[in-house]
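Both complexes below contain chain A, partnered by chain B and then by chain C.
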Partner chain A sequence: MKTLLTITLTSLLTFNIAFAQTPEERGLEIAIESDKRDTGFADQLAEMLMTLRNAAGKESIRKVRVKTLEVSGDGDKSISIFDQPRDVKGTALLSYTHSTKPDDQWLFLPALKRVKRIASRNKSGPFMGSEFSFEDITSFEVDKYTYKYLRDEEVEGKATFVIEQFPTYQASGYTRRIVWVDQEIYQPLKVEFFDRKNSLLKTLTFHDYQQYLDQYWRADRQEMVNHQSKKSTTLLFNNYQFKTGLTDRDFDQNSLKRAR
Partner chain B sequence: MKRIEDQFGAWVIQWRWLIIIATLAFVTFAFLGTKNLVFTNDYRVFFGKDNPQLLAFDDMEQTYNKNDNVLFVLAPKDGNAFTAETLQAVHELTEQSWQIPYSTRVNSISNFQYTYAVGDDDLIVEDLILDPASITDSDIARIRDVALKEPNLVNNLISASGHVTGVNVTISLPGINESTETPEVTQFSRNLVNEFEQRYPNIEIYLTGMAIMNNAFGENSLNDMTSLIPLSFLLMLIMLAILTRAFAGTAVTFLVIGFSIITGMGLGGYLGFPITGPSTSAPIIILTIAIANSVHILMTLRQRLHAGADKKAAITESLRINLQPIFLASLTTCIGFLSLNFSDAPPFRDLGNFTALGVAGSFFFATLFMPALLSLLPMRARQSTPYSTRMMQNFAEWIIRNRQTLLYSVGAVILVLIALIPKNELNDVFVEYFSEEVQFRVDTDFSVNNLNGIYRIDYSFESSEPEGISNPEYLIALEKFTQWWRAQPEIRHVNSLADTMKRLNKNMHSDNEDWYRIPDNRELSAQYLLLYEMSLPYGLDLNNQVNIDKSATRISVTLETMSSNDLLAIEQRAQNWLLENTPTYSSFDGTGPSIMFANIGKRNIESMLIGTTLALIGISIILIFAFRSPKIGLLSLIPNLIPAAMGFGIWGLMVGQIGLSLSVVTGMTLGIIVDDTVHLLSKYLRARRENNADTFEAVRYSLVTVGPALLITSIILVLGFLVLTFSNFYFNSSMGLLTAIIIAMALIADFLFFLPLLMKAEENCNENITNDNTHQPANV
Partner chain C sequence: MRKISFCSLIGLLISQPVYADVSPIEISGSASLEFRYFPQDALSSEQSDSNFSFAIQPEFYQSWNGGKNSLLFTPFLRLDEHDSERTHADIRELLYETVSDNWELRAGIGKVFWGTTESQHLVDIINQTDLIENSDTEDKLGQPLINLALIRPIGTLDLFILPGFRERTFAGGDGRLRFIPAVDTGNPIYESSAEDKHVDWAVRWSQTLADWDIGISHFSGTSREPLFIANNDGSALIPVYNLIDQTGLDIQTYQGNWLLKLEAISRSGQGRRFSALITGFEYTFVGVFNSVIDVGWIAEYLFDDRKNNALTPFEDDYLIGTRITLNDAQSSEFLFGIIQDASSNSQSFNLEASHRIGQSWKIELESRWFSNINPNDIDFSFSRDDYIQFTLSKFF
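Showing the complex of A and B:
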């Protein structure tokens, strides 16, 4: 009886909200839903093949393994380990990401045999030389942005919510992003990035979403195009694994040396 | 030809209304074409699509990032950039410059990514100036210390003495609407300068950079057109009023000029020629040449009217006498200008084509429209005997009397001037393309004298293997090359990855100075590079310095402003050094706009040599056929070639430097100065053939009939080209001056050298002619 009441109340409330909501509230609501649906994967492993392309179309390839530990209430922790190019094999980056303050980062250089903490407020620089910046690649957290729902739109036959997101981090490289969120899986299909003077800088598209553990959707391929520099980056992911039992101890400075 | 000439005048008068209406219709059509004219704001237009230096530069820009920029130079009046106020201004300007349209990166001492070690394990990367509002004296001292020791900053964004500092903005134009993008950037930047100069009255701000230079090209083209064209119209109005003292003639000539300019520019617009610095002089040149054509018609007309002919008869006669020489003169002038199509620099091709179209138009307007309209207007004869006729008669006698002396003395002067030609040195300093009255030039000179330089050479230092730049052997070679450049007296700044690698090595060893050296193993270098790559701020990526497969890095060298020869010499020195010291890594040339401009003069002279020779051959063939005499045709080569030689001799004495635009002057003036020869020879031959006159009499006849007109047209041409000396572009002002000199020389050489030479060459022929003819006035 009590459950029934709750359900009734909730649906009534939702019903009300749907009509009385401001675009900001609606945007936030969709963000919360996206975040909720992606919560609980605990940890994740993936292999990432990165193809960098310059304006002339010349390419170079990097191979990185990425381990991620879900952290509730803050940004996730991750370790990226380079496999290729050969000269940087074994180089590993540990980062504790935060939504509204600088990330903590440690880098292990095997040739130097040392772990160095890198203190920088900069999240908008290029991630491993790609067109992705650090802030593009880190996990989605609700408080990374403020939101404004714009409209519904169809993207390649899929219904999406179009939402404007404004970074909360002071030193962000963007004034805003526009995100097309798939209404079915609550994952982004397309993101447009606007630079500090509010000009279109980059477009990111997500392709070939797969569902893991009946819940978590991951795109096999991401394409980022920089409209100003005409450069682009393709990320190909494979061998996704979830809930492998990683803990905080696998994401500390000591683990970085053993990461290879 | 003869039949055409005889009936032409009658035909024109018969069909005058049709001619006038057709002319107006055509001019209207041409006028609509001027809508298509666009001003170009890009220094790259000076280089043809297959210019090897441009291709090398394009390749460099494709491999690394494209580097158009805006540079603000801040000069505090107290001569110290390291004060709280100035640092605050630098910080604010850095922040606000991100708002400049199409900006992709802003660099200054304020946001310089300062990396330093704390203890053994921490590496800090932060902006050099973090919070200028609460800056303390000790912060300022630390900032000053770091900035003045940083090789990436000194003589680049901060002067070595710390008295001026720069904010450099990288601009990446989308190139969708080229005519508006650069002005947009410039306007925004200028507004920033104004705003900051108001807020910081103790700081002067100078604005330069490639984007601003590009804008200056377009802006000054427009300025030139709007100031110089009215000036030349005014000048010509005065000239015509004085010379012809006839309202109808002046008014009709003005229409001919206007129509010719509209034809040249409008048809050029239809054909898609852009307006660039050099082609802005086209309207003025068309104007000048169109007047010259009209003057010939008008002068004869006046002479005839004076001799008592009625208006129709005078017009018919003027056309009969002038049609062939004006046609030949226009044809040869067109050929001369069309020879500019051989120029390596497209703007000069455009200049040649615009002008050729306008000159062709002026021929038709002067021979069809002008007489047609004049026949409808009231004209009356002047009473007094033209002073010019008497003067010319005396002048002719003087020349005939002194022909031997003139031949040898003027010949000697000519030889001396030819000997002076080698005093000219090739030089294209592209900053100096702008006159000192142009703000861009003023600001750039300040920047070059106080902060950095605009002469930059880029090298893509190749390792020839992927990831090869981490090889210690490669990095040591790169370091040596960097050091070699730093030891050159002309150097301002070197930007090299070698410095970055050394700094990182030091940083990763707790800032121990002993480690300020190239890492000794390949993996370590590669890993530093990865670290560096990951620490780069927004808008910067490694691609500025490193190519995509990491087989090469870009080393950028900034030099003081110097002559093209010196620049090419120092580049050669660098190549020699590479061959001797780092033979493994030596197969690349320096590139960049300064190298491109340093080669353009030479390339243009080589390409124009072909164009000018072909024009000369073509013109000579035309003259041989027109005069039906190989001897006269070949003889005419002499007065056609000598003036340019004399002009360059005088230039060698006066200026001594020739650049891009002067390489096209010979071809261009050839077509103009040939006109003198054509008019003089056609009258000479008419006297010889129609009147059976001997050489002396023919010289007299040609001087009296065409001498005044030649004198007047030469004065008009000289003045017209002198108007160009007021141009904001050096390539226009120097071209105008040299052309004016050559045209003046042409008249001198024709009268004082060629006529005596002609008399000498035809001495033998005189025997065939009866002596009674000698003093009979020519009746043609």
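Showing the complex of A and C:
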């Protein structure tokens, strides 16, 4: 009898807890799950081809190689090496991203062999003249946002959670983002960005997800459309590699100076 | 001495085991056509009011052993319409590099930059200035060197042996932006009996501590910056290269949109010991007026305790400048600065702008003006050399 009562009480409690979960808690839970599933890749190499398009459709190309080191409990470290356009070839950017405090960034200028620190409230600034800002391309960290689960919705035949995210870090260019998270792989399929005046600024869509090392999902293609300027950027990723053995030493200023 | 460093370089190369994963040679670089126009008549009648110039700087790079070993070769050539001194070639880099977990070794001819400030670079001393390229002192000649960097948790310790000295380049008689009388680079005077074969050394410790980047350095050897004496008939200036010891400190930190900078040196060997300092900030407004345009403000104070005896015109001066970055697909940028002498009306203005054309071309505008230059200041010779310059560059 006592056992039965305990079981009933427990299930009642569980039921209540599940029911009492607020949209905020539900949103956070999904974010934590996304983060958990993408943990443990150690390091990552990728080649990025960006195609910038202005309102008239005129195109411009950027080629960047990105090395990323996973840092547990903080934002990741990365070195981006610019290959094109040719006048910025050899320029490299070292970033120590942080969830809530400003990122540390150093830029290497090959002509002068100079490493310059960047005062990095520039999270909202455009990355290489594209429609992606720095905050759009840095690693996802749970602490970067507060969350609100909105609804379930289907996107191109896939079940998604629709979640509103509010940046917690300073100097974001956005008041909020709405993210459509694939319920199967816990990766975003679509993001809408709202500017500081809370009007829709940009839409980002993710295409052709591939799985690496039986765990990590990466989209081969991202499309960013700016609704206000009518400009757009396509981001193609190539040659993903994981767990290549990179260490902190590959992400210091000495390595930045010889980044190739 | 240059020959010796070449030999040791080749020796190092031969002693390396042959690795299978030798990367193909990467070739890149730039070629540029430059036009300068001087609106004012020159102080000397040999000098022209306009000048065309062409420069090319290819770069060859090869690595092996998973990028842990590499060889870099960067020759440079400039052809100048009027100034035979400015028509010159240099090996900017011919550098072998090998990298390990906690050390890096470089040998050959290389280029090293130390410092944080924008108006002048006090601490930077490894390379000689290729002054004939540009009066902003940012162009450097290749320096023979052996550099061992020890990378430890307490910071990076860079040790340098610098076998061989490069003379500073100066505009010739036909060139503008030159001293009056012109510098005779053929007969320099050295304090060291080894002349330009004196072996210099330098050491630098650098570390990043949270938001701070700090460097402390010491150099012992032939001064990159010469003193001058007039020749017998006063028709030319003879550069005098003393042996000096220079200790330097460079710091940068940031707080929000503020970037704070300091460079300070203390030097002995050229008369009495002296100190010089530059400190200032750069403040950036990101995305002004709800656009993607960034506007930065730069302010620096320059001090040299030699006062008016300083070789530099910057003994008690302010720089105020602005940097506008459009963040467009063409990476358009503008930089405008004024350096004002605190104790006189003398000013120099500097404007730089650049804009990419297509995927591999760039057009640049540069203009400098000098106003109310004190006849006792070292840069009085330049007082009629205001200029506007266009450069069209192709990158490959």
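Just so it is clear, the second predicted complex is superposed on the first by the 242 of 260 C-alpha atoms of A that agree within 3 Å, B and C clash if a C-alpha of one lies under 4 Å from a C-alpha of the other, contacts with A are read in each partner's own complex, and residues count from 1 in each chain.
The criterion applied here is as follows: a contact is a pair of C-beta atoms (placed from the backbone, for glycine too) under 8 Å apart; a residue touches a chain by one contact, two chains touch by 3 or more.
Computed from a predicted model, the values in this text were never measured in an experiment.
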Please tell me, clash or fit, for chain B and chain C sharing chain A in the overlay.
-> clash
So, A:G129: does it touch chain B (first), chain C (second), both, or neither?
-> both
Is A:D104 contacted by the first partner chain B, the second partner chain C, both or neither?
-> second
Scan A:R258 for contacts with chain B and chain C and give back first, second, both or neither.
-> second
Determine, under the contact definition given at the top, whether A:F82 touches first (chain B), second (chain C), both, or neither.
-> first
Looking at the overlay, what does A:A56 touch: chain B (first), chain C (second), both, or neither?
-> first
For A:T91, decide between first (touching chain B), second (touching chain C), both and neither.
-> first
First (chain B), second (chain C), both or neither: which does A:R151 touch?
-> neither
Clashing chain C stretch [against chain B; choices 94-102, 148-156, 310-318 or 328-336] | 328-336
Take the contacts of chain A with chain B and those with chain C, and give the residues found in both.
-> 52, 54, 60, 85-88, 112, 114-115, 117-122, 124-126, 129, 173, 195-196
In their complex, what parts of chain B are in touch with chain A?
-> 62-63, 65, 98-104, 113, 121-126, 172, 174, 466-467, 470, 508, 521-528, 530-531, 533-543, 547-550
What does chain A use to touch chain B in their complex?
-> 52-56, 58-60, 82, 85-88, 91, 93, 107, 109-112, 114-122, 124-129, 133, 173, 195-197, 199, 227-229, 231
Interface residues, chain C side, partner chain A - complex | 28, 30, 61, 63, 67, 70, 97, 99, 101-102, 104, 111-113, 115, 138, 149, 151, 156, 206, 208, 211, 213, 252-254, 256-259, 282-284, 286-287, 290, 292, 294, 327-331, 356, 359-360, 362, 393, 395-396
Show which residues of chain A lie in contact with chain C when the two form their complex.
-> 52, 54, 60-61, 84-90, 102, 104, 112-115, 117-122, 124-126, 129, 171, 173, 195-196, 247, 249, 252-254, 258, 260
